[in-house]
Each structure stands twice: as C-alpha cells, then as structure tokens.
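We just call them A, B and C in the order they show up, numbering each chain from 1.
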C-alpha cells in the first residue's frame, strides 16, 4: 500500500470532489425549483396537466439515471445543441431530481389534513394561496427531512456522471489509479471521501427528522 | 425505424440478463439484509456496532464506487470476479444495506399487542413467528421490498462500465456499430419504462392477491 | 382502486403510443439522417470561433492520458496543438470515448478526431489523410504461455467498445467471449488482473503498455490499419485543409514545424511505420 502516491494525487482528488459538490448543489437547487413547478402544475392545473406531468414524472422515475444522462449528452446533439459533460450532467440530474422531489412534495402535501385546504378556501383564499401559504408550510416537517435524504442520494448519484467523462470524484479517482496502478487504495480513498461527505449529512437528517416530527405533531393539534 | 425488431434478440438478451441480475441481487440482498437486521438487534454490542457500521458505510458510498472496488480493487488482494459476478455481488451488498433498514422497520412494526395475544393463547415461538409476526412484517415491508427490486432493475445499468452485457450495455454496443444513437437511446428508455411499469403493476396485483388472505 | 388501474393503463398506453410515434417519425440514423453537408464548412467555423475542438479518447498512451497535473498529454494532443497553431486558433481538447467520436462529429460537437479508416465508418464521417499507421494486435500475460492466436479461439478477450480492436476480435474470434469496456486501460487491466486472457487493441498502445508492464507479452500484429483524421462527412473544404496540413507537418515543413516524424518517434518510442506503403 503505497500511500505516498495517494497523497501526491490528493489535489486532483480534491478538485474532483469540488466538482461533485458543485454538481450536486446546482442540480438540487434546479431540481427543487422544477419539482415545485411540477407539483404546483399537478395540484392546481387540472386533470389533464396532472396526467401529462404525471406521465413525464413516471417516465423519468421509470428509467435509470445513467441512461438519462446518456440521452441528454448524446441526444442533445440531435436537436442541434452541443453540451459539455458538466452541463449535460446538471441537466440530467436536475430533471431526475425534479421528478423525485415532486413526488416528495406531493407526499408532503398529502400528509396535511384536507380540512386545512377546505378552511383556506372557505375564507376566500385562492387555490394557489392555499397551496403556497397554508398547505406547503405545514408539510415541511415531512418534506424537509425527505429532501435532505434525497440530497445525500444526489451526492452519490453524481458518480454516474463518470460515463460522461466528467471529472467528478469517481472519474478522477479512476484516472489516477489507471496511472498509478493502485486500484484498491485509490478506491478506498474515493469511497472514504464520499462517506465523509454523506455520513454527517445522514446524521443531520436523523436529528432534523426527530426535531421536525416533534414540531409537526404539535402543529397537527391546531 | 423498427430498430427494436431488427435487433430483437439483442435487446431480449440484454433484458433477460438485467432481470437475472436484479433477481439474484434482490434475493441475495434480502438474505444478507435480514441477517444484518438481526445482527443490529443483537445483545452483543460489537455485533450491533459492526452491523450498524456496515449499513452506514454501504448507504453513504456510491454503488458505482462499490462496483469498481469489487471488480478492480479486490484482485489486488487476490479475489477475482467476472464482470457479471462483480456486478451481482456489488448490487447484493448495496441492496443488503437498504433492506436491512427495511427489515428492521418491519420487525418493529409488529404491534406488541399481537405478540402478547399470541403468548396468551400459548403459541410456540415458532408458531408466533410464522403465523403472527411474519405476515405483519411482510405486509408492512411489501411496498418497500418491491420498490427496492424495481430500483435494482434500474441500477443494474451501471454494469455497463465493467462490460456486463445487460440492457444498457448491449444498446451501447449496438450504437458503436450502427451509430443510430437517437433511435437506440429512445428504445432503451422505452424498454426500461415499460419494464418498470409492468413490474409495478405486477407487484400491485400480487399485493392485492396476498391481501385477500387477510381481509 | 378502479381509477388507479385506469390511469395506469392510460399512462402505459400513452407510453407505448408516444414511443411508436417517435419511432415512426424520427429520421433513420438519428442525427446522421439530417443532411450532413453543413452550409458552413468546419474550416470556416473553426476560424470564426477561433477554436479548434479536437475530440480525443483519453485513456492510454500513445494517444493521450492525463498527467499528474491533470493536463492532457500525448501524441494526438501534440498534433492537435500544431494544427491549432497553423490555424492561428485556440485548441480545445474534448474528451470523447471511442464510441462517441462519430456521433460527436455528426453533431458538430467536435471539429476533428482520429480513428482507423474503415469503410463502414466512412459512410458516417469523412477521413482526411493518414497521420499514423497502426494496427490491431493482442497482448496476453507472459506467464500464460499463449504464443499464438490459435490458443485464443475460445478464451476471453477484452477490448474497447466499438474500437477496431473490438471489431477485429469480434470478426476473427466469433467463439471467444468478448468483454467490452469504454477505455483501453480498463481492458488492459482485465488481462493483468487475470479477468481476461487477452486484450485486443492498437499495436502502439499495447507495445507501450508491455514496455511499462513486463508481465504483458504482445502477439504478432493481426492487421495493419491506417489511422486518419476524422472529420464531418462531406466537408471537402475542411478535408482539403487537413490534408495539406498533414503533408506539411510530416513532410515539407513550409507552414508548420515539419516535425511530424519526430513527434511520432517521441511518443511511439520507436521508428514509426511509413505512412504510405504497398500492402
């Protein structure tokens, strides 16, 4: 186990880690925005919008993320767009995130008792206001931990951008181990870095979940 | 544009291997996961910690890295797998960590009242497990188990990076020969979507059948 | 319960219908179905955007690898740099995998790449001149005792998906099990880790790999293959310019350094095969 070579390559690995984190954050933010739009469209848009958006969500959730990344990277060219690996990865991960997050949002909304919606409408709020100011805030105890859990999954899923050649952590690790012929050590280091990123977040999710639950229960009494 | 018909055997072979991989990894993962869940509730602290550590490590590292470790890393210490075996082993391990949590939740989902009632009518421990605990557990865990299976079917696509000829890889090989990228990727996506739809519908039907015995 | 079934069935029907519709109305061959003759030549685009985007499979020497600083170095980056210099533009190296080269060229993601000239490929992309003559061979573990190709007829052969090593192995060894990876180095590792009996790839790549790794033994060449500069199909203006570049680079040295042969010698670590010869 030659650790000297590993140490020498740490700067490269760190750059890959930064790309991974950047990719995950950007995809998470865009995915949340797009996911909210999808959920709003499905809840407020009527039966047709619900069916159509539901279909799109089901297609995205029913195919592998790896295939989606390839579709965007290789397929964009067919409609005349030339995307770099990072852009394609962001797009692919965002759309995937939006689909899964929209389901999380819908689940959260469903957890709020219908009485809240009725009450809101009966005092003259528009459906949009009911969704945005009454239901959604009360669904946070359910949604926030789920979103955080999803972000951890997203951090791990960035490794799939490997197939696009993007220099995220896994690809960098592979390049280095191809050069130094130390696959075992290098992969352990790569796995350790992912673990150091994800494990603290996972603990944070547990704590937040417990706290939110306590608060959430309190709200249900209202 | 009937590329699906032109290469029907190729797609069928890839699809079959995908399903084989998913079934092996789910079955193996369930076994290991069950053992891990039991270990997590052990009275021996080191065993509990080991099991918990195992689950934490697997759940907080990407499956792709796990696959590389098994296929490319293990040979360094003498353990060699074919690409297919490496994929199945990696997916089994990956599954086992998630299923361990599912089993743990399932075991804790049995209402205590049921156990007390069983004791009060003097059911043996074995009978209690088979007639009371197991049905409750399976009922509670069924959606999570079927969902995990579908996720495994989708996740098996990572086999392409180590050359396993599951559905995604056979499509990419076709693409490298014919260059009909857009058609092939469309067919590939559609095949997965139809497959997951069928599996989801099938598992809902199966769930309804199983329910019939308990209403 | 009923409406759930109905909506699922509807979604399934929609899925099948849309897929069918897409398949029926999509042009065959994907992006290549659209007329590939661009109104603007790649040469004009490169000069106008001041960038030459060269697609390079980065995985092994002599073609290209990443060094410790993450820079791309190798035979093809050097040639690409010289080409960019001659055009007075910036060089942008686009990392591609062997299977991606052709779709990328067709889509205009890259201006040029490299690859063995095969007639099948020539239906989808253009080739501008030969820049190196290589070939396909196989490498095995020295300790395996395999001396010739008869011993490999039913063994496991590793190759790069879609590269000529893959095509040659598939064609000449139909009874062998072929493992396809997206990088040459992974295929070579498969042999070193005893997961495959042989690796089928370019002579130059395997020769260098054997030099770095004494455990490998290279077998006699299976084929001789001229590798050309790949360009978009039918782009005659660009093909002509690249042809003139290659003549200059490897011969006259009027507008370039004329150091083509030295560059080849540096990376191949040996005398390069003549670029034009009688088969």
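Just so we're on the same page, a contact is a pair of C-beta atoms (placed from the backbone, for glycine too) under 8 Å apart; a residue touches a chain by one contact, two chains touch by 3 or more.
Quantities reported herein were computed from a predicted structural model and do not represent experimental measurements.
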Count the C-beta contact pairs for A-C and for B-C, then tell me which is higher.
B-C
What chain lies farthest away from chain A once each centre is taken as the mean of the Cα atoms?
C
Centre-to-centre distance between chain B and chain A (centres being mean Cα positions), rounded to whole Å
21
Computed distance of Cα centres, chain C from chain B, in Å:
36
Spell out, as numbers or ranges, the residues of chain B touching 2 or more other chains.
72, 75, 161, 172, 181-182, 193, 197
Multi-partner residues of chain A (at least 2 other chains)
58-59, 74, 78, 163, 183
Residues in chain C with touches to at least two other chains are numbered 11, 15, 30-31, 103, 106, 182, 186, 189
The answer for chain B against chain C in the complex is residues 1-4, 71-72, 75, 80-83, 161-163, 165, 169, 172-173, 175-177, 179-184, 186-187, 190, 193-194, 197, 201
Applying the document's contact rule, which stretches of chain A touch chain B when the two form their complex?
58-59, 61-68, 70-71, 74-75, 78, 152, 156-157, 159-160, 162-163, 170, 173-174, 177, 182-184, 187-188, 190-191, 194-195, 198-199, 202
Quick one: which bits of chain B touch chain A in the complex? Just the residue numbers, please.
56-57, 59-66, 68-69, 72-77, 154-155, 157-158, 160-161, 168, 172, 181-182, 185, 188-189, 192-193, 195-197
Within the complex, which stretch of chain A touches chain C?
8-9, 12, 15, 51, 54-55, 58-59, 74, 77-78, 80, 82, 85, 163, 165, 167, 175, 178-179, 183
Which of the residues in chain C come into contact with chain A in the complex?
7, 10-11, 14-15, 30-31, 58-59, 65-68, 70, 95-97, 100, 103-104, 106-109, 182-183, 185-186, 189
